[in-house]
């Protein structure tokens, strides 16, 4: 029998992939370039004849980072577009709510744009993440800083959201593994713009490692403020959420010395290397803009999707796709990661890279 | 005992004494008028009764209740209804709805019976409506029953205010310049209406009015005020001929 | 020492809130409308300046870009009134409020389209400079913010209370009909105030972008500035500044001394407290209609 | 007679679907006081509003001093010298008495003239001087009415539209107001269009009178002639009075209807 | 032109004008009830969503449209209702009890909030409620033992008389549940408006002084209005939670509060129809734009994110257009259209031309 005939989102000449993303809300800086990056791949693949003769249709619903809109997006993707799989959906709560709908139908959720551990919650069968979690990033980053500088007290500045709590817990775990103390924490709101108070508190507590789970704009301000206050022995550590080229490029060297533990390498720091250079050229050709880090992630996730679809063969069903995903094992030169999946391993890359800003660019200092 | 009693009431706004040690009583069944120059404190007296202001000193009693102990809405519940000098109607509602709000103090239903619109609620609505229709007939407002207040001319609004106050079925009716803005013809209607309100409905009327024709035509007693204090109190004729009143209020010519 | 630093940084930050709040109050004072897009105006002002100044865009000299961008913002404020808000003349203020919320959506969209969604910083001559006195540090941008805010508040205050036009604006907000009877060209006056609000938003945007960075969602800061304006008493210009300063100061102190998990609540909790005890804000007295 | 300064021709005004003015024409000559009488709802206020531009007529022409002004913005009408003292006072409630008066002179810039006018207003209404600093919204009804009239005078108008200026004023002040209007007319030759319920006083003062009913002008004539008309006496001057209360619902048919 | 002769007071008290009007509404209700048979799952889901928003809109309409108290914080009450419902169900309370109790609890919370809010007017009240909405996020995090904090809560289907009612597994019964709630709330609302309490709401909205002079206790009336409004909003919140299936502190954001207010203003303040019309605009328009984008892409080419956030930008522009076109809300426009038909052919061309209008300060009340 031909399994795909019963599988939604797959027809003779088309595969529908969906995404509930943020194209206009507070995370548009992530969602927009990632979506564009993915489109570059799909457009190219489609132009070359598609995968096993099927064109890929990538349908992105804008959730504006709001739950009701996200639910409408899922309704459309599942009931109207009848997607085969989801790719790069953004937002932990939105993804988690989506699982309730995807799981019963066995629809795969691939490479969500959040590094929360919940992305691999049970049933894990149809869930695949690309990268290490915020938790691991914070944990490993803390250990690195301790090893490198002998720092003794870890503190966390975070937004009280699941994103923040993941990083808080990772930092605590890192401190424990390194055998140092977890000193203090401060909580924030996304509209906060001044951090002198929290920083003096952290100074008072003797913090010398500060992990951060803040918005990008806020992270920049924190680092700049600390400079002004002369808190030079405090090492600031962000995660993949702060690992943006713009953070390194803030004028005046404001962010110099800022660490980020992420699961990929910075794009522009490696612009000369062949894979990034080829990507930059292709992206620019396709969109007319310079890519940013998240364009690269979108691109690489789409590449992975195409690889899996190819490996699944012409008889595309959820089972064959999941089997194909689980068989993937390749080096992604663009992001600098070995991607390996297996029946019990639904997290593609496990490496955490720690980079630091030096002279307006990210420099890799450690990987694990 | 008077129905309404003011006892040495004083009210100050900053440095200004708007009501100055004022005492008077309104007897049940009479039409009592207050006159006085602009800014004498007449409307303020009304506002004191309505409990919009707390007096600085003194006591206000109505029908055995100490008004100073209760909130504004309770005053209406005791049976005091009023109109406003500057017209305060519910603009975005019809005349009928305005009058029905007047029935509020007689509400017997509660939240639940209203949401379910039980037979009791229905009966109450019909009764309210009958009562309000009588007032509409009485004040000749039939033509405006379903009109929005916002589209009514000044004169009609004045009458609607009186109607709304009557709809509360009060013991004491406070009218703040009921005839201002009315033509001579309408003023004479108003005169007969007030007369009927007192005689047929048995409602005591306390009114502020500048139209001396109306005042002397309907009122039993008149209080003249100036600068918040009592100037004269007596029958219309007495007050009108009181030299201080002529001097401060009526002017020599009249 | 420590507290002095908190205070002074809080004041500088509060001035930014105050600046945005001024924009709210300006429009409210002259039209009684609440411009929910004021925060987005500020964001736009910041991006316009970045677009003129930053080397990756037009790269004009900062001091040249400054007046140009303020002019652009003024023109924009005027056009928004002329083309959109004015069509609602005499309609209920709720309609205007909803309109400005929708306008905020459009501005955010446009900014994202033109300047992208990543945070950007204004390249400016003050960047990185700071002054120190006795262990306290204050960035030059902060100094600029404080000076400009105080001057602007004072200037606008004088404008409203002392000039004929300012008085006319207040009159127009209280009774449009009466203002017309006095011969005040109410619509033109409102156009002027929207232009002025555009300029004030431009100033706030420039200072904000110089102090930190902006992205299209920066305008959401407007909500906090709105809260600040309300704390001060919505119709009062010095009140707006004071409200901004209070919020600005409370934040660092709360983060410093209040337990994590609660500290970030401080500005809004303060707002609730102020409103409960002073229902019309700190700086305006309660008014009751005389009947 | 000289050319009318204000000429209203065939004006029709609507509130949505409701026709409030049904083709009104009237003339006001320079230096004249024209008085308009009518029951409530006749459309007097609407007519005034249409002249001062706060309402647009659907049809018809209004010429002031040879220029057409129908449908123009109200502030332009004021700049031409037409000032409207509206029904219901319409003071600026949160501004002080002084500030209200200053706004009355918004169209003028001669400081000396403004100060002089202000003193004049204060001499007419001394209580306003006492209350210079008080917020207008807290004045008593009659005080607000004085302020509204005073504010109108501050504009130094060529023609004043007065909509029930005596509303809520004490008898003494009503006499004074009419005295003031008379003086302004005599001394400064100020032209006026006056709506009054106090028909007696209005016709005593006016040169010419119009009677409106349901949006139409049903009668007009020299004021002294109108004063003698039986209908006017019956319906606007209350002469027939003493009608026993039994007859009160019986209304004599107005001959013009 | 239809003329109705009135011979009985009940004709005015009844919510419908005549049998003809009643039958129109009944037919509409029948058509909507049959929706699962003539709509596919996608549109049924959207219709359900619109109805949930409409219920929330009815809740806010009581407070803002009829009592004149602007709230920019109703998402907080959605949250209260949602969490109350889930927590009760998790505690083993059957849905048919948990649901109304969730509404009741939200009503009690609303009444409690009303007490400090009683002295606030206009924007001061709006910002007060807005702050509540902002704080709700933190409160949910802090109340982790009850709310599950940032990890959130889940709610799959519920059982009603042994039938599974679940947004995804059994969309039709879930739709009927929502429809039933909407109908019941609407009927209660209609009843309220023709009874003394509803009129006292309007009285408080239009003039507090004279409402007091009529014996309306302002504090009590506002508190009841808050309570009713929040209770209905709580019901909507409970349904919204069931619709989403999963929610946490970020679900009921301030943006939703703001959209709720937009919704009732665009629909038409002070009318029940307005809540429904507004819900269609705010609830379905974004989805409609998203769908149209596909057709546009099919016609003009280009991929789905040619312009990121375009739908949102267009959404904003359409809202602006709605307000400019009809500042009194869609219901106002509908009334005009209806009048036009009723008067046909006696209408005048510019009968609905806006006459110049002017505002007065709302700072005094």
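By letter and in written order, the chains are A, B, C, D and E; residue numbering begins at 1 in each of them.
Assume a residue touches a chain if its C-beta (ideal position, glycine included) is under 8 Å from a C-beta of that chain, and two chains touch if they have at least 3 such contacts.
Quick caveat: nothing in here was measured; it's all calculated off a predicted structure.
> Return the chains shared as contacts by subunit A and subunit C, ordered by label.
E
> So which one's got more C-beta contacts, C-E or B-D?
Of the two interfaces, C-E and B-D, more C-beta pairs touch across C-E.
> Quick one: which chain's Cα centre is the longest way from subunit D's?
Most distant chain from subunit D: A.
> Can you give the whole-Å distance between the Cα centres of subunit B and subunit E?
About 40 Å, centre to centre.
> Please work out the Cα centroid separation of subunit D and subunit E, and write it as a whole number of Å.
47
> Taking the mean of the CA coordinates per chain, how far is subunit A from subunit E in Å?
Distance between chain centres, rounded to whole Å: 37 Å.
> Could you pull out the residues of subunit E that touch at least 2 other chains?
As it turns out, subunit E has residues touching two or more other chains at 134, 138, 141, 209, 308-309, 312-313, 356, 358, 361, 363-364.
> Two-or-more-chain contact residues of subunit C, please, as numbers and ranges.
Expected reply: 108-109, 112, 117, 174-175, 177, 180, 223, 261-262, 264, 287-289, 291.
> For subunit B, write out the residues touching at least two other chains, lowest number first.
Only 43, 52, 84-86, 88 qualify.
> Please give all chain pairs that are in touch with each other.
Pairs satisfying the touch definition: A-C, A-E, B-C, B-D, B-E, C-D, C-E, D-E.
> Taking the complex as given, what residues does subunit B use to touch subunit C?
Interface residues on subunit B, with respect to subunit C: 43, 47, 52, 84-86, 88.
> Residue numbers of subunit E touching subunit B in their complex, please.
9-10, 12-13, 188, 191-192, 194-200, 202-203, 205-207, 209-218, 224, 228, 270
> Quick one: which bits of subunit E touch subunit C in the complex? Just the residue numbers, please.
On the subunit E side, the touching residues are 70, 116, 119-121, 123-124, 127-128, 130-132, 134-135, 138, 141-142, 209, 254, 258, 261-262, 265-266, 269, 307-310, 312-313, 315-317, 319-320, 323-324, 327-328, 356-365.
> What does subunit D use to touch subunit B in their complex?
Against subunit B, the touching part of subunit D is residues 15, 18, 37-42, 45, 87-88, 127, 138-143, 145-146, 164, 167-176, 197, 199, 235-238, 241, 243, 245, 248.
> Mind pulling up the subunit C residues that touch subunit D in the complex?
On the subunit C side, the touching residues are 164, 167-168, 170-171, 174-175, 177-187, 287, 289-290.
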